[in-house]
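Structures given as structure tokens follow.
Paired with chain B in one complex and with chain C in the other, chain A is shared by the two complexes that follow.
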Partner chain A sequence: MNRYLSILATFARACLVRDMTFRANFLLECVTSLGWMSMNLAFYLLIFTFTSEIGKNTGWSKEPFFAFVATGLIINSIVQALFMPSAEELTEMVRTGGLDAVLVQPLDAQFMLSMHRVDFSSFANGLVGVGLLGWAVSRMDYQPSPVAWLLYPLLILCGVAILYSLIIMLAAATILLGRNQSLYDFWFYLTNFSRYPAEIYSGPWGGPIRMLCTFVIPILLVVNVPARVIAMPLSGEAWGLVAAALIAATASLLISRLVFQAALAKYRSASS
Partner chain B sequence: MHNSNRGGPVDPDGAAVISVDSLAKEYRVYDKPEGLLASVTGLFHRTSRLVEALRGVNLSVGKGEFVALLGPNGAGKTTFLKLLSGIITPSRGTAHVLGHVPWERDDDFRRRFALVMGQRNQLWWDLPAAESFRLHKEIYRIDSARFERTRDELVDLLDVRRLMLQPVRELSLGERMKLELVAALLHEPEVLFLDEPTIGLDVVAQHTIHNFLKTVQAERRVTVVLTTHYMKDVAALCERVVVITHGSILHDGPLEEIVDRFTTHKIVTLDLDATPAPGQMERFGFPCEIRGPRVTLRIDRTRIADVLPEILRSESVRDFSVEDVPLEEIVAELFRAAPVPSVSHASVVEATA
Partner chain C sequence: MSLVSAADQAPPPAAVPPFAGLRIWFTMLAICLEERLVYRGDFIIGTLMRFLPIVTQVFLWTAVFNATSKADIAGYSRNDIVAYYLLTMVTRAFSSMPGLAGGIARSVRDGSVKKYLVQPVDYVGYLMAARIAHKLVYYLVAILPFAGVFYVCRSYFPPVPDAGTIAIYVLSLVLSFLLGFFMEATLGMLGFWFLEVSSIIFAYMLVQYLLSGHMFPIDMLADIPTGIAGVSAADVVRWLPFEYTAYFPAAVWLGKIQGATLARDLAIEAGWVVVMAVACRIAWWRGTRRYSAFGG
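What follows is the complex of A and B.
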């Protein structure tokens, strides 16, 4: 474990050195990322000039909803910083045979392929997310209990684990197909569903989507569960969701691990 | 010429470091027809072929051997190296490297060998090689004292110390390859697989790498398997040559044996006093080239002992040399003459899922 942490630190250090080598690019990435996030926040503020709550009697009024958005920003920034750059590079590695060099090293290939690049500029959004969470929680009528604050980071990790598992499954598809340039697009489409409170998925169309995105691809548990724990009282239903998030995270990690191993066994490599 | 897949020479230590038994690898490749209509049709029905990259190869390599794998493009050399290093899994057969089945990818095994591919960059592109070396240290769990000692030895041998702190993308191909070799040897592997390590390099860089590999192999008794298209690599480095064509081993033995087995002629170059008359030299052998008083003859090996004294007796010879046919020519002829395997590239039509 220490060795893996040490290797991760070496990756992070190298990526930071590289980012600092191309400083203008790094700053531009930070600005672009923060700009996109600011536009989203402005859009949500605009929505709240027309309504006081997202969905009738859902509890997602302005401040709780911004706690929800902040939770999403924190989770997404962790995923975007730690895992997404490596996953995006995987397609090229499979196509050109660069994956060969990874497979001959005495290191877990999944670890190497999912964490060898760290995008520090993505942490900028996460930092804003933490600030936004503080602002939203301080203005809420309901104040989270100490138990909720303890559960919150754990559930953030569950959300990260679910998204990471999805990335690994898509990476496995890349290895099997030899080329999968739509990986990032597909991930973006899927995670779009997680950006809104689960309560909006109701009715004849919303109901099935909610079931699918909770029990089949548990994307709705990613942000909803930690956000609910921090923004609303811990009810019986909330405890059920906490258990569901823990189970979904564990199951996702196990399944994605199996799928990835199976894909690696079928790796064909590229011609030299 | 025989077509055997026999094992190699007996290992001097009595145990094979690499042993391969009936190893085969097949790929299914899909044909991509030309044209828009054919491409659209290809979404529903595709034609595939089974390509046998390697056909039941047997091989045994002892500790400290330096073996060259020769073969034309597409012969199966790189596939063989990828199987031995565990990158891909075989369709049939078994292999053991250092007592491990390579494609099981045990960490214990992967810590004991290295693979260098001349056409692929394994160092971090935007960073100095020193950063990649540091990562290597962590991955291979090399203690600091040993790491520094080995790194210093290797960079001094290749004279690349000054390049370690320069971003890899700013280095020339030869400089990059030298640093790739340093990275590959930092963990002191017992087996080294080299896939065309001198491709695209100038003669000076090639020579430096030859000397480096010879020193490393001799001092550390590393077992080396090298694929190359350069006969200079083979002549400079390898005692044993394995020729692969169409996925099968065509020849396995010392380099000299190739010359003995596959050449029937010697090349005799004569410097005469004057330009010979037309037809004057043909009675001795086939005149490959006549340029003024310099004549190059191709003479049957079995006749050379009789013909050479006769030339010296009957012609005014100022100087002469007797050489084997250049290795490149022998190998090229060998590849051309290799028997094409019977039909197993059967085409089968399949529907896509």
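What follows is the complex of A and C.
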């Protein structure tokens, strides 16, 4: 474990050195992601000029909703920074046979493949997320209890774990199919469903979507559970969701690990 | 009209038999077609997936309508919003030019643009022909998933408008294609001055993302003040080119813009096409004058 931590630290240091070598580019990348984020925030602000709440009696009024958005920013920035750059490289590695070099190293392949690159500029959004969270919570009528503040980082980690498992599953698909150019597209379209409060998925179409995205692909638990814990009172239902998030995170980590190992076992090198 | 101006300025090669240009153009079209059809399954699924983000937007707006218990927001009922998002997909299919600006800038940077300087081919005219071929092929294949989604969602649409409105709709779509083309081409031409234009393209995409109306109907900006009395954000956006690449044709189809306003907006759109076509041409002239070839 210690060995893996020190290797991870080495990877991170190398990536930081690399980022800092091209400082202007690094700043530009920060500005890029901040730009997209502010466009989305502007859209949400516009929505709240027409309504006081997202969904009738759901409690997602302006400040809680922005706490929700902030939670999403934090979770996504962690995933984008730690796992996404490596996963994007994997597609190319399978095609060119570069994966072979990873497999012969005396390290866990999943660790190597999912964590060898860190994109520090993606943390910019997360920092804004933390600021936005502070602003939203300070303006909310309801103030989260100390228990909620303790649970919040844990649930953020659960969200990160669920998204990480999803990446690993997609990576496994890449290895099996040999080619998966739309990995990032698929990721984008799937995580799209986690962007808004689960309550909006109701009615004859929304109900099944909500069920599917909670129990089959637990994408709706990623942002919803931590955001709910911080923005709304800890009722009985909230505790159920906390338990669901913990179970989903553990289960998806285990399942994705198994699927990934199975995919690696099926891997036949692309190079000669 | 600008299509003509761009193509007309291509000097007709003297020694080449008549209709050779047309034949080359059709060969190009045929190749594009075959390329696309190789991965048709992948392509159709990819096009269908692009509708997925609309699903979340529709649920979001449904929740907003439930909470306000208002029948319409900025003149749009919930059904109008669904129809609006679907219609902006159609406009985007006409106006979006993936890779155009970046491609021009790259050809300037790596020097491959010089082959258009020595050949009797007009670069802008060539790009336009290639883009039309690309788009035609795209519609040919994408019409299946589009038709499927529109059929499934037909109950969200108001009755089909009269023939006059449909004609104006088609005209606005064609203009949006030209506008998108000349805006992106001009951006790419900036590569003559900056070499690296990705940050400029990014800034353009950012403004485009918000002001083209593919996130929300521009009518929703009607109550957003700009600081000038009597002028709302929507009034400002109306005079900018961006909303004509997503919002305007969709709003025409839904009957949100009519009468004198429609005529005025159509004139603004046509005006922007001319402005951008001229800007593109000027950028090409001035750019090639200061251009020095890099690379072999």
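Just a few scattered comments:
Operating definition for what follows: the second predicted complex is superposed on the first by the 271 of 272 C-alpha atoms of A that agree within 3 Å, B and C clash if a C-alpha of one lies under 4 Å from a C-alpha of the other, contacts with A are read in each partner's own complex, and residues count from 1 in each chain.
Here is the rule we go by: a contact is a pair of C-beta atoms (placed from the backbone, for glycine too) under 8 Å apart; a residue touches a chain by one contact, two chains touch by 3 or more.
Keep in mind the model is a prediction, meaning the values are calculated, not measured.
Touch criterion met: A:Y267 reaches chain B, while chain C stays clear of it. Of the two partner chains, neither chain B nor chain C is touched by A:L41.
Using the contact criterion defined above for the overlaid structures, shared-chain residue A:F50 touches chain C, although it does not reach chain B.
Contact with chain B, but none with chain C, is seen for A:F11 once the two complexes are overlaid on the shared chain.
In the superposition on chain A, no contact is made by A:C30 with either chain B or chain C.
Look at A:L103: by the touch rule set out above, it reaches chain B but stays clear of chain C.
After overlaying the two complexes on the shared chain, residue contacts for A:L212 are found with neither chain B nor chain C.
Once the two complexes are overlaid on the shared chain, A:L253 sits clear of chain B and of chain C alike. Those residues of chain B that touch chain A in the complex are listed here as 27, 78, 82, 85-89, 105, 107-108, 110-111, 113-115, 117, 119-120, 122, 124, 126-127, 131, 134-135, 138-141, 167, 195-196. Residues of chain C that touch chain A in their complex: 42, 46, 49, 52-53, 55-56, 59-60, 62-64, 66-70, 73-74, 199, 202-203, 206, 209-210, 215-216, 220-221, 223-224.
Residues 3, 6-7, 10-11, 14, 17-18, 21-22, 96-98, 100-101, 103-107, 109, 265, 267-269, 271-272 of chain A touch chain B in their complex. Contact residues of chain A toward chain C in the complex are 28, 32, 35-36, 39, 42-43, 46-47, 49-56, 58, 182, 185-186, 189, 192-193, 195-197, 199-201, 203, 206, 209.
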